[in-house]
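Structures incoming, each one as structure tokens.
Shared between the two complexes below is chain A, which pairs with chain B and chain C, respectively.
Right, the complex of A and B next:
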């Protein structure tokens, strides 16, 4: 094991390149890339990587970056790209196509506030708004988790029961530009973990299909239902690949959700990304004071692991959801999804939304303490509460 | 480069070997359909195969409804602006695997002159190893006939009800400015020249751009049976210059205008309102543009 000090961007670039290189005995790796702060170092890393069988194409836009990756994937290569913020917005049409074409493309996304006004700091709104397209989304808390989840993403994406793009997501700067000790696995281990890709619907002269032509309502609906069925299979497949990851790399990539003292908790915080790290420290401190508080860290957002969350919190009647995002006219996206997941399962629970750290604001332990105090004192849920700003 | 040897063209029947299979629902008099049969023939004679990347346009409607397909080769539909990007990815993987088939973009003028312009420009600048063919019917056909930047001045469309006031974008000049290995204009009224240019493009590597003047009776409000005659008139009157550009700098005019009256071209299409065309203006601008092209071919000739 080689521990090195690397940034989240470096970790993501390393994993994308190693995954692409692992396909050198099959059809190779190819993708389109385009820079945007704060993910640029990811695409710089893959552009510099000496692939045995790969081509990285520096294109003129995010839309074309995903376009090239779609073409490469459809021709059977292992394909990936990276983006952030307005870049993801510009790429959106082709992100949608990657999902609808059932292509196992891995997209490293660094969460940055959507503009205008221009703001390069962390906000999950740029990836959460892609929630309705056919992509799995994994949010990471550490640089190691970024690296490991990126490798896992290829296994999951290329699983024939799944065949969906996977987004591996990290907070701008807090992870993308902060160095931490990270284990960068050797290529041989990555080769073991990622077998050669054989895309079942690769462009093929023996079966000259027209991919993406006109389709009638009934057939199109069937295709959407197949996507739904693939999402249904994700949790079980995730656990299989997680176990395989542990076998090969000797560590845990992390669960779809992970729990901190939730079994007997009466009130539970729900957080994702680096906010989960801060929340965990506060929850542990207050546990030591005897408060029955827990934390669920959400790694997977799509498919939404609502049932797993409820199973993990059998006693909880109060949920405080920390959203580093704001869906206009609604509130937090995670909060909204959790409320939906509660419907008919725990209707009496209080599910309160807290808008924390949006647009790059710091989420401090004091702020988490305030959130917990507010949650514990509540007799009913109310409108989402903005935190971190005096108005 | 040397011109490929002339090959005798056998009669073409629409068989399984044709890219475009029987039973498609394309309009009568469709220039794109004729272009596809010529492309099929050139590929067959060269003994080569292709994969097609087609953005939103009549070309993807040609495939018909799932699960059938009107094409006999693998086709990847791209988003409207992305044909050259999708194709660059497909071609990169082909080259990584030392495969020999062609990757061909088959796109209309909307996807080429307008929404796809940035993507095409970037793919040309990178000299991606793809053959990009634009069948230019000078209109957004699928959506019922709106102006594009390829629509000629004076033409009435649903979004230029009084006739288009602006000129037609000179996409050949744009593509030549990228210094790509080969750019050429093709007319379905001149099949020998058409086929020779496809063969030339198939022999070259890098980004190759072919522009087909593609009659569209639905959009041009013309008689389907007159499609070929119309584009022949366009060549003879100089409205559609038939030429090729090597490496963006060496020019050759392949079919010279005969001085035919451009008025005949306009009169036979109902897309041109009588008062939208001033023939004197047309003649003087045609003379200027064709003289300029002739001068380029004289000063910077493509050689033998």
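Right, the complex of A and C next:
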């Protein structure tokens, strides 16, 4: 294992390129790319990569970038792209199309605040709002996790039981532009982990087919049900590929969720992305002071691993959800999903939302402490609490 | 865990310095983070970079608020912000050529160190001289302060592939860093900063209009400045008209204002708007885009439709005589009268106007237009004496009676051509005389074959007049080609439309009487073009044995004119705008064609005005003459951002059809119906308040108040967008 100092963008670009290169004995790698801060370095990396087979096409918009990747994927290439913020918003129609076409495209997304006003810093709102499309979402905490999850994403996406796009997501700047030590695996290992892609519905001149034409409600419904069934198979498939990842690379890519002292915890923080790092540090400190609190780090957002979360926190009666996002008129998206998952399973538990670090705000240990204090003192849940600003 | 904050400016390599330090520690087995605080990614903007390292894995992902040490890449950033949150006893490392003691005093409770990384970087040729890259030198200083050896910096630089003299710079800084290590522990505890907490005003309650707290003008390395240029049309106008100015007034449909602008320099907008060869249109920058702005027709429009009359600006007792009432004399009289002088015009003939009346036919310059513009001058109180010829003796008399005398007798000597037997039956005439008599209604050429010799405006006026006076056939013979013809191009086209035939490269040699159908035979010789002559035009060379006969009942000679200097003493040198005699201490000036030979109305107007201003300067000491424009002050098309303008065809006024107009003396052109053509003027090099700069300023630091554009240099970052967007190059970026 050789550690290098690289940014999150570099890690994502490395993994996308290595995965694409691993398909050189099949149909190669292909994608459309378009720049936007803070993900531009990702597409720059893959654009410079000397692929043995394949083509990287610079296009005029994010919508077209995903369009090219859709076409490439349908033709059997290992396809991917990257975007952020308003770029994702503009790409949205084709993200939806990729899912409904059941294409195993990996989308590296760097969370950036949606504008206006113009703000380049981290906010998960630009990916969470894609929650209703047929796409798996994986949120990362470190540069290593970005790299590893990107490789895992291809295996998960290309699994014939799944065949869905996967979004690998990181916080703007906190990961994308921060250099930390990261293992960049050799191509041979990536080749082992990612066998050549053979898409079952790959376009084929010998067997012409019409795809995406008009279907009646019943046929369309059956397509949606197939997607729902695929999502149901994701947790089991994820664990299989996670085990395979450990076998080949010798480390854990991380679970769909991961726990810190939750077995006996009475109060649990729920966090994702880099906020989980800072929260874990605070939770550990307070544990040492004897407080029975825990942390669940959410890596997977769709499908939402609510059951796993509740199983991991058998004693918890209070959940504090840290959302680096804001769904207008609602509050935090993670908070909302957790409340749904609770329904009929842990009725009476307090599920309190905290809007922390949205719009690029910094989440400090002090802020996490305040959240924990607030949660512990609560007798009932209330409206989501805005943090980082006096109101 | 050690946390370091770096204060630098965009482009100085602060983030890279964080990475070098992180790499050095990473290679020693530490867990590390290196990151920047990204915002306005502009060169020169203050920015911060951070570095963390620890023996244990680093888990926190927040920004650094309480650094252990700070590094300052740019000494101009030294201020309270650099110690914000800094832990007591921490290092402050500053890139400066000053000693650290003053900083130690300024920031009690900390350890201060300085190193002149800029000089070190320059010495090792890192970056450019203006923007040296100081980060590798500072890495050396950091290694010294934080006790990691120089070898770890070498390893980090090699790992990052920073080769060349980077390590030499680090090593030099390692040696040279000056350290103050005695901490004043009594200093007040540093103020702790936290993330901003106060809620700012929202967009709905107008928070968007708040000025930023940081005076971002300090970041600028350049600033926009306004500087206007001379448009080429103004530069070349022989009359000195503010062409761009009156066009812009017309573009705003301010016809009266346009006329006023013209009347400041010329009494004859309606005349020049009909007969000027318009060198402004030949120099128009719009030619690089599509077609020249039709300045001539627009001047006519302003003159014909505007309402404005200027009044004398004061009363001056000096009496000035103007000899000759052609355009130069009238222009001088006009400007002198406007300045307040008592002017008397002495005209040899019965009517005022000189060649304007005798030489230019009414179908090009209707007599009511001419009279109206002359009346404009007489209305200022100018007196006129008609039918009075001035000879050398009368000139001396006038010089003693008046305070100044202007001689504007024009080109009275007509050039001729020896064609042998010219006879005395008027079958061979000077074109000018023909026109004069024709214009007075004393001439007919019914059924005649008329041949005109020459290629200037007189030749074409004579030819077209001959058509109107009943000629059966009119042809022009010219020894060069169409290209070389000095006549206005439009007049040539119109003459040909009306049926005038042109024989180019044809030299009249002699006249034969009888021997053919017509009264005369003009024997001509074919020419071909040879080497260029002094004027740059190719010299016509005769082709031997090519003589042929042109049947002619009348031959009109239009070969140009020369000044008649007989009014002056023998040997007098005449120069435009200069006192020629010094008679009785009275200034005597020769002006117009007499002095310049330019041969255009516009040049005569300019000459008359210059003389008037010169005399005014003699009498009053007040110099009203505009300073001469130097060539480099003129904006050429290359400096205009022509891509910002749309191509649009030129407006041409309506002309009467040739078959109708060739039989009468009514005006050929109807002129423009409206001044829309003026909108095509690009206003080269002169701000016309298009507000594009204001619209495009991304910072909102440029605003227009009335006619004034104000840059708020306190906030202007010097991005240069206004200069890039100014279509007419009025905004330039000045280096600070």
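For the reader, a short list of remarks on this structure follows.
Quick note on the criterion: the second predicted complex is superposed on the first by the 391 of 391 C-alpha atoms of A that agree within 3 Å, B and C clash if a C-alpha of one lies under 4 Å from a C-alpha of the other, contacts with A are read in each partner's own complex, and residues count from 1 in each chain.
We adopt the following convention: contacts are C-beta pairs under 8 Å (C-beta built on N, C-alpha and C of every residue); 3 or more make two chains touch, one makes a residue touch a chain.
Just so it is clear, the structure is predicted and the values come from calculations on it, not from any experiment.
When the two structures are aligned on the shared chain, A:52 is found in touch with neither chain B nor chain C. For chain A, the partner that touches more of its residues is B, with chain B and chain C as the two candidates. In the superposed pair of complexes, A:94 makes contact with chain B only, with no contact to chain C. Of the two partner chains, chain B is the only one that A:73 touches; chain C does not reach it. When the two structures are aligned on the shared chain, A:30 is found in touch with chain B, with no touch to chain C. Once the two complexes are overlaid on the shared chain, A:361 sits against chain C while remaining clear of chain B. Once chain A of one complex is fitted onto chain A of the other, the partner contacts of A:203 are limited to chain B, with no touch recorded for chain C. In the superposed pair of complexes, A:280 makes contact with chain C only, with no contact to chain B. Shared interface residues of chain A (contacting chain B in one complex, chain C in the other): none.
Across the interface of their complex, chain A is touched by residues 49, 51, 53, 60-61, 63-67, 69-79, 81-82, 84-97, 101, 118-119, 121-122, 126, 128 of chain B.
Against chain C, in their complex, chain A makes its touches with residues 3, 5, 38, 117, 120-121, 141, 171, 173-174, 177-181, 274-275, 277-278, 280-281, 361-366, 388-391. Of all residues in chain C, those touching chain A in their complex are 18-19, 22-23, 26, 31-36, 38-39, 58-63, 65, 194-199, 203. On the side of chain A, the complex with chain B involves touching residues 27-28, 30-32, 53-55, 57, 59-61, 63-65, 67-77, 79, 93-94, 97, 203-205, 207-216, 219.
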